[in-house]
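Encoded as structure tokens, here's the structure I'll be asking about.
Each chain gets a letter, A, B, C and D, in the order it is written, and its residues are counted from 1.
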Amino acid sequence: MNNAILLLHCPDKPGLISELTNFITVNNGNIIYLDQYVDHTEEQFFMRMEWELDKFLIPREKISEYFNTLYAAKHQMQFTIFFREQKPRMALFVSKMSHCFYDIMARYTAGEWDVEIPLIISNHEDLRPAAERFGIPYHVFPLTKDNKHELEPQEMELLKQNNIDFIVLARYMQIISEDMINAYPQRIINIHHSFLPAFIGAKPYHQAYTRGVKLIGATSHYVTTELDAGPIIEQDVVRISHKDTIQDLINKGKDLEKIVLSHAVQKHLEHKILAFKNKTVIFN
Amino acid sequence: MNNAILLLHCPDKPGLISELTNFITVNNGNIIYLDQYVDHTEEQFFMRMEWELDKFLIPREKISEYFNTLYAAKHQMQFTIFFREQKPRMALFVSKMSHCFYDIMARYTAGEWDVEIPLIISNHEDLRPAAERFGIPYHVFPLTKDNKHELEPQEMELLKQNNIDFIVLARYMQIISEDMINAYPQRIINIHHSFLPAFIGAKPYHQAYTRGVKLIGATSHYVTTELDAGPIIEQDVVRISHKDTIQDLINKGKDLEKIVLSHAVQKHLEHKILAFKNKTVIFN
Amino acid sequence: MNNAILLLHCPDKPGLISELTNFITVNNGNIIYLDQYVDHTEEQFFMRMEWELDKFLIPREKISEYFNTLYAAKHQMQFTIFFREQKPRMALFVSKMSHCFYDIMARYTAGEWDVEIPLIISNHEDLRPAAERFGIPYHVFPLTKDNKHELEPQEMELLKQNNIDFIVLARYMQIISEDMINAYPQRIINIHHSFLPAFIGAKPYHQAYTRGVKLIGATSHYVTTELDAGPIIEQDVVRISHKDTIQDLINKGKDLEKIVLSHAVQKHLEHKILAFKNKTVIFN
Amino acid sequence: MNNAILLLHCPDKPGLISELTNFITVNNGNIIYLDQYVDHTEEQFFMRMEWELDKFLIPREKISEYFNTLYAAKHQMQFTIFFREQKPRMALFVSKMSHCFYDIMARYTAGEWDVEIPLIISNHEDLRPAAERFGIPYHVFPLTKDNKHELEPQEMELLKQNNIDFIVLARYMQIISEDMINAYPQRIINIHHSFLPAFIGAKPYHQAYTRGVKLIGATSHYVTTELDAGPIIEQDVVRISHKDTIQDLINKGKDLEKIVLSHAVQKHLEHKILAFKNKTVIFN
């Protein structure tokens, strides 16, 4: 798995694919994945390319520099290069509900995901025994409106010490402050228990019940400073009927939330998401 | 098909089902369908019952009176009795788009639905040739904001002359006036091309495109005086991706709209919908 | 939650609902759930009724006898009476894969299900650490074709000692013997990783890949002596594409399998399933 | 819309994309669509590329020859080149049921599809009035087992006179002979009313009802000489319950069949399908 992954976007122009694939091929890289997409409205080119580094002529630590010099600067590219060997480090934020937590733990423990989860952060003690079952350090920050300014910097310090790459809010019921959002741009993944943009904010299942919808949804998105308005990664719905009480909606929604969140995290781990102007390009 | 259908709701109390099924059974009716539902939050009982009239002791034209005297008044029931032999009469309202129109015509022509469609009303000439293919009178009322007060009474007169029971707005792009809505309470069915309550109002596919959702939806509902806020009958969604342009959303949405609208109309024709407090109970 | 649940089916005849609801009402039971269904092809009546026992005149331990004498014998009813206070006892069978196991454990630990899981049985040691995390005794019976006749009676003895009501095969990769199936009729729930009856038997994802289907499925069913042919409880599918490898199908299928199995187990726990002639009636 | 579309597959090797996109770019073609896929199991490369011909240096009638000489022969490519300006010509085969017929006609009449439908062929008179509504010549060949060898050559002659490119079997209930299949390889599209490979052959809804499945499906595929076994283009399912009779399955299935078939036809019209070893690659 000595592979590199290049994610980029830039203004579209003819010949980009040819030029970029050529860069890999002439330097003895073997392309094993290529997907690209042109947004003709925005005139923007998006690409994800993965290649084997074994015989690649450019040393790994120089790839980014070379690519920047030879292509990115010339074409106004925004790009990131990832290496398969570097496991992303994820912080899991939870509150009291356990369904998303267990779904993530099950995948992590079974080795389904290429990720490290060095710590879990919560505002409640409730899931400590569950976290300890999986041997993951559990830190409680009892955040309130009043102490947020004091406690959040401690949280951020802890994240920094653990070299956290991205954060997953697994039904973490607190609003994240602007400082933390800005420190992890497009690297905080939330699950909202509605089909956004319907039912923004608190108690979406109650809102759905009152409106009498026939499907309920869940939405995973990157967190931005505007509540429930960040770039959407994944959504799904499940059918309900007039027979379902609010409690039924909450129960049916749990399965939706955990699957939608886990699929979004997986896409993020595979470096298959590019966010552009509050929308996402999701490569297959 | 000499059957009666009873649709009712009333405050819940013990013994209602027993009492109501007994009414049919002791009078020699054979119940062929019974579904009931108790909303424990609203403490409201809902029921749909269908029975054969062949040996029923109460004459058809007296059933409503007897039922009212013996049960409805006592239990504060809201009820309606329908007879299978009476085909509902439907007015179809269209504008320029034909997909919902053809889906309804195909079912009507194939005899799938127990309905009469004596006329089609439009604000444009566009679908006249299509309507004439199916031999249905096509009336154009070129409604604008300015002439609405003048033309709508003529429309309503035409509906009355044709003994119209209910109206289907098959992507009819005009807002119905309060007078007409009040004349057909819970008898005007609309299709809105979004997953309501997301993207209320104009150009929902453009709104969906801008927000970057991963699913688009369609919603069929009874029209009330508040725009796109009436009781929802049916909803469905289809998956989209970043690759879909607004035109792709419009095209994919058409299949959704026509199926969702036709399913809602079918439920209405089968007398399987009860509206209560801006929500619907849909019997199977 | 001092409720009784009656599940029954019998040849259809007029007046059954009235008679049965009357039985509860006149004896001061408060019906809180009633659903019934008539299969007009089989001329069979199915019903599920739940009522509060607090003021019910017939003592709990006599209900079954009274009901049998007064109604069941007369109408050739097959019936079962359950009490909410008696938690069903479930044995979980696993092999090496953990996704269904964790999904069930998460629900059990979170208290979502009204069930006791006194033991886990496996033919492999692999999931012992996972089981121990949840504090549930884990028994290994290393079954092979050769020793099955020797080991299975020991398994059945263990199940008996633990008063097991029903068995869930959570991707347990062994074929259950006729003796055990007959000891737990319609009380062994399996998950098969295909949309049955497509791809019966071994390696269904490989079969699906070879056939080039565009959706893969999962099916939960009661185990009968014919392989993968028992009454189906729940099925679902997920979209795949030509881009998915066999490993992708296996991964995507896991989410499907765990949700489909858990939903089937939940319906069983709620006593909402009636099996009749190799098909199931599933009450809402 | 003066565009060319290239569909190809060949053994995979490094540098193909670079070489192929370069071919367009250096000859002043503007690529507006590119999608490619590598099947690592089969070591096969698949590509679809569309480009504008306005300034393309190679004359349209020479493109195929040049491409063959310069690339295809060298890389053992199977390829086809289509031109947007050439509308495909489609023959529609129907029997008695009209739902797929109307769905196709509605799209055709509304101009949604870039296609010509010069004739409709049937083994029954039933849909003649419906066909005449849309002004399309309707030819009846009352095929039976006995006269098939006599009538099918006449059908094929008629298809030839009309320069038919591909055939759509819209619930045409006859088995196509090997001669006709071989004359239109991967150019006869069928809709089978089941989730293949479940319920191959006659009366799939009856089979589904008997098996007690919880979802029914529809499958569109290219016709090969083995019954219901050709490469699958599109599939979908809809949820059913024990309450659905066989007639309900037939009715619910109709919506599924028409949408699945129309989506398959649309993909074919857009030249987005490549068939390889009895499976399809479907480009987005």
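One rule holds in what follows: a residue touches a chain if its C-beta (ideal position, glycine included) is under 8 Å from a C-beta of that chain, and two chains touch if they have at least 3 such contacts.
Just so it is clear, the model here is predicted, and its values are computed rather than measured.
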| item | value |
| --- | --- |
| Smallest number of contact steps required from subunit B to reach subunit C | 1 |
| Pair exhibiting more inter-chain C-beta contacts, C-D or B-D | C-D |
| Maximum centroid distance from subunit B, chain identifier (CA atoms) | A |
| For subunit C paired with subunit D, centre-to-centre distance based on mean C-alpha positions, whole Å | 42 |
| Geometric centre distance via CA averages, subunit D-subunit B, whole Å | 36 |
| Per-residue overlap in subunit B, given as positions that touch at least 2 other chains | 40, 241, 243 |
| Parts of subunit D lying in touch with subunit C, wherever the complex brings them together | 37, 39-41, 195-199, 211-215, 217, 231-237, 241-243, 245, 278-282 |
| Of all residues in subunit D, those that touch subunit A in their complex | 14-15, 17-18, 21-22, 25, 30-32, 34, 36, 38, 40, 239 |
| Residues of subunit B touching subunit D in the complex | 98-99, 102-103, 105-106, 109-110, 112, 130, 133-134, 241, 243, 251, 255, 259, 262, 284 |
